[in-house]
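In the two complexes below, chain A is the common chain; its partner is chain B in one and chain C in the other.
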Partner chain A sequence: MSRKPYVREISHTTWYLARRRDLLHMAQEVTSLFIGIYTIMLLWGVKALSEGPGAYQVFLDALGSPLVIAFNWITFVIMLYHSISWFSVTPKAMPVQIGEEFLPGGIIAAGHYIAWVVVSAVIYYLAGGFNG
Partner chain B sequence: MARSNKPMVWSLFAAGGTVAAFVMPVLMLLTIMAGYGQLTDSLGYEGMKSFASGWMGKLFLLVVIVTCLWHAAHRARTALHGLGLRADKAVAVIGYGIASLGSLLAVFYLLRI
Partner chain C sequence: MTQRTVELSILRYRPEEDDKPWFQTYQVPCDEDWVVLDAINYVKDHLDGSLSYRWSCHMAVCGSCSMMINGDPALSCKTFIRDLPEGPVRIEPLANFPIERDLVVVMDDFMEKLQRVKPYLIRSTEKPLEEGQHLQSPAELKKFKQYTLCINCACCYSACPQYALIPEFIGPAALTLAHRYNQDSRDQGRDEREDVVASNEGIWDCSFAGACSDVCPKHVDPASAVQQMKIASTVDWFMRRLGLGGGKS
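Coming up: the complex of A and B.
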């Protein structure tokens, strides 16, 4: 070790602002907060459902409050961002090897996008969304 | 050999991220529609009760709630570290504690439907 090692100053709190790549990474990390809040909302709905029609109506009324609707619209956009960024890194996290070759990342990502559309359409259909 | 809970937490995190990516946007849309008073047949009490009474509905809700809670807890931990909070142990205990409690509550409530 040299006696005066060079230490580059990096801020603990704002380092991700310097580079676009880091900023996008931080944005992806922050989506977890919204996923967490929405999941707790879902858990509250299940609790209300287990308690009976009265409790469930209170839950539905809460979903209709302007503040919750505004929060849910914001969360919806953030969820879309989570899905798109998650599927775009899937080929890197889960490479598929066939023989000596690796399947091109674009095909893996495209497969996930198609599956995403199908899964969403099936859930929407099962929830009666296409009944008009 | 040293044992670690890391692989387990990480696999729940990855599973939750994937589950969330596939189903969260459409669930959000349905939640918003319920807020506007639409889809009263399927998302009203009777519709949701019959959905959650079957084992497939129970399994769906359980998988979504448990994996997404663990995903959020783990990622909030790395995010808070990235944002400069140096209290990893406390963050881990609180985050994984909420995820554990939420997972148990999900099982408890679903079994009562």
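Coming up: the complex of A and C.
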């Protein structure tokens, strides 16, 4: 008897709408777009700085526009979602075994939060943030 | 024992008669302690002997009876009907695999991928017999024991969005099996497996959706294994750039 296996095609554009789990995963992936755009904006600032005070002032003026401020707030919230959901899965990626036992996942995630705060504080210090 | 009638909506596909799959419904009187497999067995024994599906142990060990239950891959022998929401129970063959007949899928691709990661102990140096066994401490065993619990039910492939979109992806269970042997203190085959594991079709096709671990009936956590291999492979890459060895490719 000849075989006739049936292949169920899936939509490459709407597959993630069927299950909540897939939708949340895609939401996590889409956050990268906002963070990518924010990074390009920062690079534009560095480029403007290298071009002199005039160019940098244009960059600063652009940052002050309501549209950019709104984008930055949205990106901030999205970045928090991205970071928190990412840190919550770090114990999967880097389990730490001491003797026979593995460290509880909460400790590994907490370590990432502490590192986040320390790195942020260092950057804030380097930017002169603690000098008032 | 309390009984309730449950409607099973089962995807049927009979290759000699059907051009595409279709749903057939059955009314099944279910006992309170029945799992989905019991209800399907009732259909087979009392209502429709033509229904095809795989099962063997009925105790979540053999991995044969995995299927989509209300849209999620699960072992039908481990899914209690009383735990499902009221209303019809939708039963389909495992997603992301071709349907051979009714609830039976073609697993050739999965089997081939399991083989590709060389899932066995590889030794580059052999120990003379008179030196005895390869001893392993409890801590060394615990490092990989979780990954030995896989029963090859393929629920993870069915849940994996990357495997659905990229059929070449080696996939969760096979990569986890590679990690299981890479982590084994008796094994020396990591470099040999790296050609497959660290290829584009290997760990780097994983987007860390985590669906594999969510659905795994044995709590193997394939997502964890794959992310650990990504880190190990990345460390290798940097070590090689620094001229400090670090595996191959």
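Brief remarks on what is shown
Definition applied: the second predicted complex is superposed on the first by the 112 of 132 C-alpha atoms of A that agree within 3 Å, B and C clash if a C-alpha of one lies under 4 Å from a C-alpha of the other, contacts with A are read in each partner's own complex, and residues count from 1 in each chain.
Quick note on the criterion: contacts are C-beta pairs under 8 Å (C-beta built on N, C-alpha and C of every residue); 3 or more make two chains touch, one makes a residue touch a chain.
Please read all numbers here as calculations on a predicted model, not as lab measurements.
Aligning the two structures on chain A places chain B and chain C side by side, free of any clash. When the two structures are aligned on the shared chain, A:3 is found in touch with chain C, with no touch to chain B. Applying the stated contact rule after C-alpha superposition, one finds that A:75 touches chain B and leaves chain C untouched.
When both complexes are overlaid on chain A, the residue A:95 reaches chain C alone and has no touch with chain B. Legend: residue contacts after superposition of the two complexes on their common chain; A:21 is shown touching chain C, with no touch to chain B. By the document's definition of touching, both partners, chain B and chain C, reach A:29. Greater residue coverage of chain A by touch, when chain B is weighed against chain C, goes to B. In the superposed model, A:12 makes contact with both chain B and chain C. Nearest C-alpha atoms belonging to chain B and chain C sit 5 Å apart in the superposition, given in whole angstrom. Shared contact residues of chain A with chain B and chain C: 12, 15-16, 29, 93. Only residues 14, 16-18, 20-37, 39, 41-45, 47-49, 52, 61, 64-65, 68-69, 71-76, 78-79, 82-84, 86, 102, 105-106, 109-110, 112-113 of chain B touch chain A when the two sit together in their complex. Chain A meets chain C in the complex at residues 1, 3-8, 10, 12, 15-16, 18-19, 21-22, 25, 29, 89, 92-95, 97, 99-102. Partner chain B is touched in their complex by these residues of chain A: 11-16, 26, 29-33, 35-36, 38-43, 45-47, 49-50, 53, 56-57, 60, 63-65, 68-69, 72-73, 75-76, 79-80, 82-83, 86-87, 90, 93, 112, 115-116, 119-120, 123-124, 126-129.
Remark: chain C residues 13, 15-16, 20-21, 71-72, 95-96, 98-100, 106, 138-139, 142-143, 159, 161, 164-165, 207-211, 213-214, 221, 223-224, 227-228, 230-231 touch chain A in the complex.
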